[in-house]
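Some structures to go through are shown next.
Below, chain A partners chain B and then partners chain C, in two separate complexes.
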Partner chain A sequence: MSAPTDVMVAEPQAPDPAPAAPARDERWLRAGKLAVRWIAAILGAMIIFSVLVSFQGANPLEVFADMWVSTFQRPRSLTEIFIRMAPITLAALAVVLPARAGMMNVGGEGQVIVGAVGAAGVGLAFDQTLPGGLVMVLMAVGAIVAGAAWAGIAALLRLVFNVNEAVTTLLLNFVALDLLLFLIYQPWRESAAAQPSTREVAVAAQLPTLGSTGVTVGIIVAVAAVIVLGWALTRTRWGYRLGVVGGNPEAARRAAMPVTMLLLSALLVGGALAGLAGWIELSAVELKLRPGFGTQIGYIGFLASWLARHRPLPVLVASFVLAALSVAADSLQLDSGLPASTINILTALLLVAVLGWTTMKGKKT
Partner chain B sequence: MSIIIDVASGGVRGGTSILYAATGETISERAGVINLGTEGSMLAGALAAYMVSSQTGNPWLGVAVGAFAGALISSVHAVLVVKRKANQFASGLAVLFLSLGLTSLFGSSYVGKTITPFTVWDVPLLSDIPWIGPILFQQDPLVYLSYLVVPLVWFVLFRTRAGLLVRTAGERSEALTVHGFSVQRVRMAAVIAGGVLAGVGGAHLSIAYTNSWFENMVAGRGFIAVALVIFASWSPLKVFGGAYLFGAALSLGPALQARGYEINQFALHVIPFVLTLTVLAALGRRTISAAPAELKRVFENAPPDP
Partner chain C sequence: MTPESTSDAVTPLLKIGGFTKRFADVVANDDVGFDVRAGEVHALVGENGAGKSTLLKMIYGVYTPDSGWMLVEDHEATPGSPAEARALGIGMVFQDLRLVPALTVTENIALAMDTGWNLKLDALATRVSDASQRFGLGVDPAALVRHLSIGERQRVEILKVLMTGAKLVILDEPTSVLAPQEVDALLGVVRHLRDQGLGIVIVTHKLREVRAIADRVTVLRGGKTVLVGATPGDYTDDELIEAMVGRSVPPLIALRDAVDTAVPPALLMEGVSANSDRGHQALTSVTLRVYPGELVGVAGVAGSGQRELCEVAMGLRDASAGTISVSGSPVTNPKTAATAGAVCVPEDPVADSVVSRLSVLEHMPLDGRPIPASGLGVAWALIRRRTDEANAKLGLRMAPKHRKLSELSGGNIQRVILTRELALDSTLVVAAYPSRGLDAANVRRTQEVLLEARSRGAGVLMVSEDLDELMSMADRIVVMHDGHISGEVPAAAFDRQRLGQLMVEGVS
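And then the complex of A and B:
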């Protein structure tokens, strides 16, 4: 469990809004305290998890050992983590960006689904006629447009009708799910005889893997998005202004900043990133739309963003951890005979610890 | 004609779990706390009720334990949000994931178990009234209980001292402090009371409506409940209409299909969500201005970066 420690180490390096930077040893002390908290949080989560699992007659030590082995020590396990990490990272960035502007995007789930629907629509329409590489790019564009449009509905409701985006993005998740199911139960269904799903997109339009690793280029897209967003938020006027709007919209308005456009851009770009996540999930993992497509990627991304406290680089660590946990979930099912969703307990406990015991500082009561 | 009665009575049956949860969420939001973990409380309530009903054969005991389980889950949210000042949306989702994990762990051995469910009980005389009888009075006991509980919650919220405390915690929490009350305690109580009702809603789902347990069976009803509270502008009585509307949209598809209409059920399933969004847009500023003041703060101050 070295990954969460990285978040801890990254902590004191974060830009501190306090006027005087704390002295060096004070910073170490703070980092030390934070480390203790993190270790306590992780241990606590593992102990609670152990107790719960043993209620169901499983031996917690064996469960952890199996999870560790199949998550990190099998030949393809790291590959699997990186494959699952890519969409989670992008879905997390879809939360990071609006959060920077003081908005809550709970709609990653829907934006991921609609992004995949957009990609699939383009892919299914063109993959028989156009060259694969071109279809791949067009699918990405379709996903970006669809994801941004979906977030755009929430943006419209917020900016024109003054309806809170946390509520609308949440509701739009269910609309997106119904849209997906509607399409695969009839219009886009491959065959009425088989399970409802679309056909797979042509091999040429699927995401290529990196050399012989089995990892798809999805992870490159995700890492690139993290770097670009990290740069844009700290080094561009746009990023700076988003921060001002998020911190104090009134001040931003007085400074004659285009607040509406800033809020709109944050949600649209966020939606586009979630759409990309849907594209990667479609063309690297699932290859076709089916019921239960991309389940919970949006929500897991939301959690990842909170684990990383809405900072792009830590998002990479958080989504690695959550992807690893999702691989570990398979081990729970295969090795220990426990339901895969049991892993949600660990995920949730980790987040509970982070929300409750590491974010107190700097918070107005 | 019978289709209207079918859809309406199906709406009442299918809407009851949402009705309980949304009524509970109304209490919580009136105190200034939004709880996306409602979905989690419903899940916990559904499983606990199912387990107990299967073990003891007593569905009422199931409801009681379901209510307790719902309260337990919501108390995690209450502690995080009230005591630790965590972000309400993030905490709610964390709590939902906790409940998803717990219920799948403890529920897996109950999939497919037989239980003693609640059965439909026709109210004498009232059930014979044309139209109204079959819709409202040929239902299960938990539906009847909701006819009492929801107005009771309205009464407590708007006509009693306890309700005044809850509403003050949501409107002007300083006033509570000035008069020597603990805002934190009032909010904790309100969130946990919300969890109790969400647990009962979950119980209705598993031991009165579907009579089954499966992973993630609540399937978004808890989120619908949260949206419904806004739709109903924080009034328990308006929640009635909203919950039944959702229920009716859910029962329209099966009712049409049973009569041989070829219809893609998802086109119907989506109606309540689109309707809610439309109403929210139409009410716009008016809805938000009806919100408890402290809740508005939660909406407006989604803190960007701690």
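And then the complex of A and C:
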């Protein structure tokens, strides 16, 4: 075996051929495996949740049944889900877009609040003098500008001083909350005698409902935003460029792309979307600014974006699920006597399970 | 298949036979066998895709062969994991060195040793020092890995492998990252290890190294062994090349027409200085002209400023002094360079040019030119057509357009970037290590494409670590040493020794 053999001269050989595409059935197999993992992840989260619930002395099966019935079989609950879903969807898009450009916007909460402040400022200034429809539009514009400006602070810090936007956007959430409190305790307070809050915006400037359903047009705005953003990210040069910047900023720089402007645009538009969420929450749900405004829409939107892996269309599903869970939390408190925050445990378990178990890596050829 | 009784007088350290491995419909290794004795250097040669990596991974326990047998010192053993392979005395030094730059040499070696929770670094440092002396490696146990040159890091890896008890050391293309002088030093180390009675498998595709070091050679081609355990001296260069490539490669014909220096240069750099990413001065007063129709080669030990030179020329790195122009237009940023007609094959395509989740097609507009527009969108239909044209024109057989770059190997990625950049009508081509990761046929085609660019009147600036490649193609070679141009040699006066001296010492 170790003796020298003759040089075998083969016929001219083709050079390293171009790799072929993976076979179709292989892709189906991958999709199937992925589906199994999703189901396993969700089941796993529910099992852990069941254990925790039984420690609380409740029957997990009854709890799940109760959640199902109270969330999906009462028309009032469905209405509530769609109302809550609208701002969550927009807040999620505020994470989706910067994520496409490789940035982490943790500041949805602050941008939602500041958006609502912008909308309220415009609304309170004009709702007594201008026609309602016009005020509504002006409030939306105010929310967009305010949300974008708030995100713009973080964008500037990132682009000028290279401060990580995840940190600045997060910290600005607390500043936004303080700004809100300052305004409702001092300049915009309705009356010194009452609880600190602004007055309600005029009925004409509130979001109208869709027919007799009780669902406001907020959901239309949210769905439209999903569609437009999905289109912009996949079909426009801007979206293509954002994807390149997010995938490899050095490749974008070498392709002579305006990287700074692209990053700025992603954060600003993201902030504007969160601002819109604040506007919808203000003019459809809260109607006035008060302490505790918005109940963590920004953070829930953040989770929705991660559940959807930062893709616009799946954001709709994720937002629906999270809105449903938050409605379920209310009924859980009323019917099963469990604290409403119990649902946060289920939400967190679902998130961890889904994010942890459904990531698949490709192979190289 | 069963192990045959060895007729040799000595028991080989390692003997394998009938190794076969399939990946989907590709047979990566087909009935491969060879043996390694103690105290010999066995060269494993073959082109990219010949199945060398697969074979090594099976020996090292990363892959399990579909069939075949393996004897380690006459005992049947097929490692199921790298840990088992190490326990059998098989050590591997990978091409991409696997050291932690922020740790010292001793700490890195501690990572590989089974030390338990108490590292006992002081005692280990002594052992590292002893072993380093015994094997003639010259490794300082206290040095931080990030301060070491590539050659030194490689010796640390070898030491690590030896200290974990390896009797058989596999070196996977160890010379591909080294300058000529470092290659000589490494070959010295390998000789020393052989004299200590270790078995060495060295993977290479350079004939010169086979001649310099190998006692025996095994040639793989298309997953099969063409030569097994042959004595290199029994074969001529042409025979060995033919065994590797399957046909003899005709010499590259580089017609060196007279270069017209009366026209504005394709690339003009005057007194250019620039800093590296870490802020050190990486280029010092570099003055360089590349005329249309001229191919200028850049030689130098890795890290002598080649990367910065290319980046400054492409407007990717700011010059701290001096001026740069491409075809008479000043270059200040990537856009001005692209507008002036410059194209670039980057030094590290994966880090510099690849967006792993995008497809081959989606990489085509990333050439610095304006993205073809269709309304607000990208004119993908146009790009698709241009891509097909580029692929046909260059003949580098790029991967299908829909494949994601994350699924492609280094050589395939290189072909995507080469096809995109070199198909453009350019005035200046800046190519850093253009043939990196390619097999012989594609290397040849890439060289032809670069020469075609030169003969249609583009200026070509080509960085390569392969002096033979530069000497066969360039009109001139400039040598970089420590951030400046230490010398310039015209084609008529090319001399390996002189170039080597300029690279290492900065003077000839």
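Basically, the second predicted complex is superposed on the first by the 338 of 365 C-alpha atoms of A that agree within 3 Å, B and C clash if a C-alpha of one lies under 4 Å from a C-alpha of the other, contacts with A are read in each partner's own complex, and residues count from 1 in each chain.
Note that in this section a contact is a pair of C-beta atoms (placed from the backbone, for glycine too) under 8 Å apart; a residue touches a chain by one contact, two chains touch by 3 or more.
Since the model is a prediction, treat every value here as computed from it, not as a measurement.
Novice: Determine, for the superposed model, which of the two partners chain B and chain C contacts more residues of chain A.
Specialist: B
Novice: Go through the superposed model and pick first if A:Ala255 touches only chain B, second if only chain C, both, or neither.
Specialist: second
Novice: Touch test for A:Ala323: chain B only (first), chain C only (second), both, or neither?
Specialist: Touch status of A:Ala323: no partner.
Novice: Name the contact category of A:Arg237: first (chain B only), second (chain C only), both, or neither.
Specialist: In the superposed model, A:Arg237 contacts chain C only, not chain B.
Novice: So, does A:Ala92 touch the first partner chain B, the second partner chain C, both, or neither?
Specialist: Once the two structures are laid over each other on A, A:Ala92 reaches no partner at all.
Novice: Could you say whether A:Asp178 touches chain B, chain C, both of them, or neither, answering first, second, both or neither?
Specialist: Only chain B is touched by A:Asp178; chain C is not.
Novice: Touch test for A:Met103: chain B only (first), chain C only (second), both, or neither?
Specialist: first
Novice: Examine A:Gly247 and indicate which partner it touches, taking first as chain B and second as chain C; both and neither are also allowed.
Specialist: So A:Gly247 meets both chain B and chain C here.
Novice: Once the two structures are superposed, pull the chain A residues common to the chain B and chain C interfaces.
Specialist: 243, 247, 362-363, 365
Novice: Can you list the residues on chain A that touch chain B in the complex?
Specialist: So the residues of chain A in touch with chain B come to 52-53, 55-56, 99-104, 106, 157, 161-164, 166-168, 170-175, 178-179, 181-182, 185-186, 243, 246-247, 299, 302-303, 306, 309-311, 338-349, 351-352, 355-357, 359-363, 365.
Novice: Which residues of chain A touch chain C in their complex?
Specialist: 1-5, 7-23, 235-238, 240-241, 243-244, 247-248, 250-256, 362-365
Novice: For chain C, which residues are in contact with chain A within the complex?
Specialist: 4, 8, 17, 24, 33-35, 47-49, 216, 221-222, 226-231, 234-235, 239-240, 242-243, 245-247, 314, 316, 333-335, 337-338, 344, 346, 351-358, 362, 365-369, 371, 373, 376-378, 397-400, 402-404, 406-409, 411-412, 438-442, 445
Novice: Looking at the complex, which residues from chain B come into contact with chain A?
Specialist: Contact set of chain B toward chain A: 36, 76, 79-80, 84-87, 89-91, 93-98, 100-102, 104-109, 215-216, 220, 223-224, 226-227, 230, 264-267, 269-270, 273-274, 276-277, 280-282, 284-285, 287-288, 299, 301-306.
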